[in-house]
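You will see two complexes here that share subunit A, one where it goes with subunit B and one where it goes with subunit C.
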Partner chain A sequence: MEIRPILSALSRNKTGAFLIAAQIALTFAITINAAYVIRDRLATAARPSGVDDEDRVVAVRFAMTSSQNIDALQQRDVATLRGVPGVESVAITNQIPFGGGGWSGGFAVGNTRESPNVNAGMVFDNGDVLKTLGVKVIEGRYFTPDEIMVIDPDTSRDTPPVVLVTRELAKAMFPSGESVLGKTIYLGNTPDAPAVRIIGVIGLMETPWASVSAKHLYSVVFPQRLLQTENQYLLRLKPGALEQTKQAVLAALAKNDPDRVAGRDGLASIAKMRAKRYRGEHAVAGLLIAVTVFLLIVTASGIVGMASLWVNLRRKQIGVRRALGATRGDIVRYFVTENLLITGTGVVAGVIAAQLLNAALVRQMTLPQLPWPGLAFGVVALIVLGVGSVLGPAVRASRLSPALATRSV
Partner chain B sequence: MLKMEGVQKIYRTDLVQTHALRSLSLEVEEGEFVAVTGPSGSGKTTFLNIAGLLETFDGGRYTLDGKDVSGLSDRERSKIRNVKIGFIFQSFNLIPDLNVYDNVDVPLRYRGLGGGDRDKRIKDALERVGLASRLKHLPSQLSGGQQQRVAIARALAGSPRILFADEPTGNLDSLMAREVMNMLEEINVQGTTIVMVTHDPELARRMHRNIHIMDGQASDFDHGSDSRSDAPVDRIAPRIVASV
Partner chain C sequence: MFGYYLRLGLRQLRRSPVLTSLVILTLAVGVAASMSTLTVLYMMSADPIPQKSDRLLTVTLDNAPADSDSKPEDIPRGLSWLDVKALREGGKGLRRSGMYGTGGIVEPQKSGVKNFVAQGIAVDRDFFAMMDVDFKFGSAWRKEDDRDEARVVVISRAMSQKLYGDESPLGRTIKFNNGEFRIVGVLGQWHMLPRFYLMENGRRSGGSTMSDEEEIFLPLSTAIATEQDINGNVNCQSDAAPGYKGLVVSECTFMHYWVELASASDRSDYREYLHAYVGQQKARGRLPRPDQTGLYNVRDWLSFIGVVDDDTRLQTWLAFGFLSVCLVNTIGLLLAKFTSRSGEIGVRRALGASRAQIFAQYLLEAAVLGLVGSVLGVVLAYGMLHIMATQSPDLAALAKMDSLMLLTTVLLSVAAAVLAGLLPTWRATQVVPALQLKSQ
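Moving on to the complex of A and B:
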C-alpha cells in the first residue's frame, strides 16, 4: 500500500482533502445523533401497551347530557352493546390507554409526609376492563364481583379497599423486589389519605398520556364503576369487525340516549389512538430521516465531485502511472486508499464531534448516551459510503489510457 | 529485442478513419541505440506508444524480448511495461506532489518489491544520474535538466531491458540536452537498448542507426521528402523494411 506517498501528496493539496474530511466529520456527528434520536423516537412509538390486540379493542367516548339516572343508563348501554353483532365484551372505565386524558394521583407506601409520592394513573374497572383490554393478572388475583363498587361522586367519597397495581409501579414503590401482595398503599401521603390493599399485580398497561418516562406504565386499578357523565365504554370486537360494528354501536348508544353527544373520535381503536399519540414521534423521526438522507447524499456527492475533479486534474499523472506499470486495479486502489485516508480522518473527527453533540443532547433532551455499537456502525457506514462514492471516479480513472503519458495534454 | 511485422494502427471516429501506422515493419537488436525520426504526424508517437505497450494495435505482429505481445491482457501489458520497459518523456512527467525519492519509487511499488530492495534501487539510480543529494526535493524545486535526470533514474531503477525515450531533450536547452544525451549513451554502453524519438538531426546522428517514419510506415530516408522534416540522418538501417 502506498500510504506514505499518498499522505505526502495530500499534504500538498490540503484544502480539498480538509473540506471533504470536515464534511464527513459534520455528517457523521449529525447523522449518528439523528439516527439515535430516530431510533429512540421509533422505539418509544413502538412500546407495547399491554393491550393484546389494539385493532380489536375500541373505545367510545361521549358526554351524557339528558339522563338523570346514569346508573340505569350505563347498565342499559352495556346490555345494548353486548347485543351488537361483532362485540365480544364491554367494559365501563374512566380512561383508556393512549386516550390522552384521565385520572392520576400520588401514591405512597406510608401516610406520612416523609413517604414519597409516586404519581400513577387511576383506572376504574367495572369488572370487565382487564378482560376487554386483554391485560392479564400476573400475580395475586382479580377482583371478585362483590368487590366492584358503584360510586356516585356527587354523594360519596368512598374508595374501594382493594386495588391492582402494574408491575412497574410495584417495582417503583417497593424497589427491594419483595412481593407486594397484601401491602397497603395510600392515596396520598397525608394522615387522612385513604388506604388500599394490593391484591394483584398486572403486567403492562399503558396510561392515557403514554409519557416518555418510565411512569407511562404506572397504574393502579380500582374495582369501581363511577356514575359520571364522562365515562367511556371499552369494547372488544371480533377480528375484522370494526367497520361493520362502528355504525351499529353508535346507533345503539344514540337510541338509548338521543341527546348524548359523542366524542370527537366516535369509535376509535386503541391502534388508532396509539398512532395519534405518537404522531409527533413519527414526524420527528421522518424529518430527521429526511435530513440524514439529504446530508448523506450531499456528502456522497461531495466525495464524488472531489474525486472526479482530482481524476480530471491528474489525467496525465494517471497515464504516467499506467505507463510505469500500474494496472487498472492499482489505479482504483490508489483512489480508494486516498479516500479511505480522508474519510478515516473525517470519521475520527466525527466520532469526537458526535460525542460532544450527544453530550449536549443528553442534557437538553434527556437522551441516553450514544452506545458504542451504534458509533461503530456509523463508522463502518460512513467508510462504506466514502468508498462507494469514490469507486465510480476511480474506475473511470483506471480506464484512462497509458498513452496519455506521451500526449501533451 | 523488438520486432514489428506489418503492424497497423487505425484511429476511428464516427466519420473518419485515420491510418496512423500502415503495415509498419522493423527490428531493433539488443543493445542498439536507435533514433526514430519523422515529420509531425508521421506516426512516431503512435509507434512509440505501441512499442512501449501503451496502446494496442489493429493488425500485424509485434514481438518484444522474444514474446509475442499481440494478444496480451491489459494486466499482462502493465506487467511488461513495469518490468521490461523504461520510459523517458519529453515533459519529464514527474508526479508534482511527490519528491524525487518517491517519484523514482513509483514503478518499483507497482512491481511489489520490498522496502529495502526499493530503497537500494532508488538510491543507486539517483546516484547514477548525480542526484543522490536531492532525494527530498520536489520536481518544482529542480531545473529541467535535473527533472529529466530524475525521470531517467525512475526509468533505470527497475533495470529495464529497453528504454523508450520520447524527445527526451525537447524541453531542455542545448547544454542540458547534451548532458542528458551523454547519460543515455552511457546507459546504452552499459547494455540497455534505447529507442529514442527525436526531431533533432544532431541527436539522430549520434545514434547507431535511424528509423525514419513517414505516413505511418518505416521507410528509407529521403532527404527531399518533406520540407518540414528533420535534417538528414547518417544512414538508414538495413533492417528497416518498407512495406505496403
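Moving on to the complex of A and C:
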C-alpha cells in the first residue's frame, strides 16, 4: 500500500523516527534479557525438593550448654516428641533440605586417583528421616533397624558399611544406566578411603545448600545417629496441625533440658526455609519485573507522545487528505503503517542489541543464552505494544474534521 | 544572564505541565533505578578499611596430601591450626592474628533475660589494633593473656547493653558455653562491612555473611584450649583423628590468618618469608605439593572470594540500560517541548539573541528539569532501597545511601537531563527567525 509517501514523509522527520526506533531497540534488548533472567530465577526457586508436603515437615536445632550424655538426651527427646499430639513422626539428622549448613564429601567409584570425586551431601538417618521427609526408596531397600549405628565423633571415625544414594547422584557416578544396587563407592579417591555399599536408590532429595547446579540433588544417606550437639530434630506434623503443636513441641523439648537454646529460626517448616533460601532469586526477579514494567510504560508513553506531536504537526496535511477523499480508515492506516515501519526497524536493531547485551552478560556472569522462541515472542509483543500505543493518536487524527483542519491554510 | 535564564527555566516548568511532568517523571524513575542498584554495588565493593587495606594481608596454602588430584581452584581458602600457630609464632609483620568463627550459649544469670546464642570469634590480641577497633569500655586483653590461655573476653556494645545496661561491665564474669570469662573490653562503634576477615565464600554460598556482627571475642589460644565450636567451613583433604583434639592437630582448614605490615612495600619481603616458611615445612615432611602460596591484601581478597555477586552486577547493568531508555525518551519529550516554542525562539532571534544565547538558555532549562527530577529521583531511590533492605539482612546493611551517592544522584539526574537536552537545544538554535515570524 501507501509505503512510498510514508517513507518520504519519514525522511523529512528523521530525528523523531530515529529516537522512537532507538528506544524500541533498547527496550527490546533489555526486556528480553530481563525476562529471560526472571524465568531462570523463578524456575530455580520452584524446583521440587522431594519433600512431599513442605508445610508439614518442620525442623529445630538446639545449642547445648554442657557436654551431657547426648545419647540419652536424644533418645529421651525422641520419645517425648512422639508423645506430643499432632506429631506424626520424629527423626534425628545432621542436615535438612534448604537448611543452609551441613556435611558434604567427595565420593568416587574407585579408591584410586583416576576416578574423580563427586561432591555430595551426607545425610545421617537415625531410621526415621526418609519417612519424616516423605522421600521414597525407588529401588532396592531401606535400612534395617540393626544397620543403624550410633557414633560418637569424639571417639570414633567409623562409617556405616551400607548407604542409600539419590537417583541423580547414581546417574552422575554411573552414567551407563546400569543398576547401582550392590555397587561399592568410596568416601574419597585415596587408597585408605572408607568403602560403602549401595543398597538402595531414593528419589529427589534437596541438599541443605540447594545450589543452582545439578549437584543440588546429590546426596548419600548413611544409617547412623551421630552424637553431636549440632543435630536437628525433624518432625512431620499431622495434617491440620496448628500453631499450638509447634509450641507444644518446643515446650516439651525445653522441659527435657531447660538450659539449651533453640536456633535463631526456632521451629521452621521446610516451606519457610525454602522461601529463605530463594529470597535472593525472588528479589532479583521482582526487581527485574518492576524494571520491565516501567520500561514498557515509558516506551509506550514515548510513542504516544511522539505520535501526538506528529498528528499536531500534520493537521493541515490530514485535513487536505480527508478533503481529497481519504477515509478515516486511511488516516488510521497511515499512522499505524508508519509506526509499524519504525517499530519494525527498532525491533530488528533490538534483536541484534539483545544478542550483544546477552553476550556481554554471559561473558561477565553465569547466565544462560537467549533462546530463539523467546526472541520471536518478544518481537511480536513489542510490535503489538507499538501499534497499541499509536492507535489512540491515530484515531484522534482520523476524527479531525477536514473543514477545521484546512481552515488555517 | 545565568540568573535570568535560570528564572526563565523555572517559569517554563509551569508551561505545558503534562510534558514537563512526563520529562521529570521519566528522568526520576531512570535515575532512581540506577542509583539504588549502584548504591548496593558501591557499598558491596567498598573498601572496609581504606586507611590500611593495602597493608593487611591474608595467606592461603596448598596443604593437600601429595597424591591428591586437587586443582589450583581447590586450594583451601582457610588455614589449619598447624600453619596459623607457626605463622603467628614466626613473628613476621607488625601485627598478626589467627581467627575462626565460633558461637555458643550465653547464660546471663540475670532474671528476665533467658539464655541466648551469641555469635563469636576467636582472635589474637593484635586483631583489635590491626582492625582499628575502638572501645566503649576497657581495651583489648594483655599480651600475656594470649600466651596464658586466659579466660577473658571482649563483648559487643549491643550485648553489654542487653546484659548490663549503661553500666561498665569491666571485671564482671560472663558464662559462655559453660565456661567463666572475665570481661576486659566493650566495643565502641566499630563495624566492618563487608566483614572481610572471616569471609571466604562471597555472598549466599553459606559460611559467614558480610553483615554479621560478632558479639563475643575471645583469645584464640583460649578457644583452642577450651575447644570452642567452629562456626564456619571445615575442609579436610586428608583424614583426621576424631573430635576437636583430632581436628586441631590435623591438616583440616578452618581458620584465617591476617597480618599487618608496616608498609605496603614490605609485601614482596613477606612473600619471600612465606616461601621460606613453606620450604621449612617441606623439610619437616608437610606441604608436599608444589608451593602455591596465596597472598592477598584486603581488596585482592574481596575480589578473590567474589564479594560482589553476579546478581548485583546484573541488576546494575540492567538498571543503567533502563536509564538509557529513559534518556532517549527524554530527548523525544524535550524535542516536542522545544519545537512547540519555535515562534518564541524566532522572536528572540529577530530581536538580536545569538545562537549561543539560545543554546545556553535552553540547555539551562533542561538542567532545571534535571534538578527538579533529581529531587523526585532521590525520594524514589530511597523508596527502592527501603524495599531492597527488606529482602535480606545483608541487603539491609548495604542498602544505605551515603552523602557521596546522594550527590551522585543529583549530578546524574542533571547530567542526564543536559545530555538529553543537547539535541533538542541544537534544533532550537536552528530555527530560522524569518520563517517563524512570517507564519504568525
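Just so we're on the same page, the second predicted complex is superposed on the first by the 402 of 409 C-alpha atoms of A that agree within 3 Å, B and C clash if a C-alpha of one lies under 4 Å from a C-alpha of the other, contacts with A are read in each partner's own complex, and residues count from 1 in each chain.
The criterion applied here is as follows: a contact is a pair of C-beta atoms (placed from the backbone, for glycine too) under 8 Å apart; a residue touches a chain by one contact, two chains touch by 3 or more.
Values in this document were obtained by computation on a predicted structure and should not be read as measured data.
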**OP:** Decide which partner touches more residues of subunit A, taking subunit B and subunit C as the two options.
**Re:** C
Original post:
Of the partners subunit B and subunit C, which touch A:Gly100 in the superposed model: first, second, both, neither?
Top reply: second
Original post:
Which partner does A:Trp209 reach: the first (subunit B), the second (subunit C), both, or neither?
Top reply: second
**OP:** Based on the superposed arrangement, let me know which partner A:Thr15 touches: subunit B (first), subunit C (second), both, or neither?
**Re:** second
**OP:** Scan A:Asn69 for contacts with subunit B and subunit C and give back first, second, both or neither.
**Re:** neither
Original post:
After superposition on the shared chain, which partner residues are touched by A:Arg328: those of subunit B (first), subunit C (second), both, or neither?
Top reply: first
**OP:** Return first, second, both or neither, reflecting whether A:Gln317 touches subunit B, subunit C, both chains, or no partner chain.
**Re:** first
Original post:
Regarding the shared-chain residue A:Thr184, is it in contact with subunit B (first), subunit C (second), both, or neither?
Top reply: neither
Original post:
For subunit A, which residues lie in the overlap of the subunit B contacts and the subunit C contacts?
Top reply: none
Subject >> Footprint of subunit A on subunit C - complex, ascending >> reply: 19, 22, 26, 29-30, 33, 37, 65, 67-69, 103-105, 107, 114-117, 177-178, 204-206, 229, 238-244, 310-311, 313-315, 317-319, 321-322, 324-326, 328-329, 331-333, 335-336, 339, 388, 391-392, 395, 423, 427
**OP:** Going by the contact rule at the top, pick out the subunit B residues touching subunit A in the complex.
**Re:** 45, 48-49, 52-55, 74-75, 78-79, 81-83, 87, 89-91, 93, 95-99, 102, 105-107, 109-111, 154, 158, 166
Original post:
Tell me, which parts of subunit A touch subunit B in their complex?
Top reply: 2, 4-5, 8-9, 12-13, 316-317, 320-330, 401-403, 405-406, 408
Original post:
Taking the complex as given, what residues does subunit A use to touch subunit C?
Top reply: 15-16, 19-20, 22-23, 26-27, 29-30, 33-34, 37, 63-67, 100-101, 113, 116-117, 153-157, 189-190, 192, 209, 211, 229-230, 259-261, 263-264, 279-280, 283-284, 287-288, 291, 294-295, 298-299, 301-302, 305-306, 309, 357, 361, 364-367
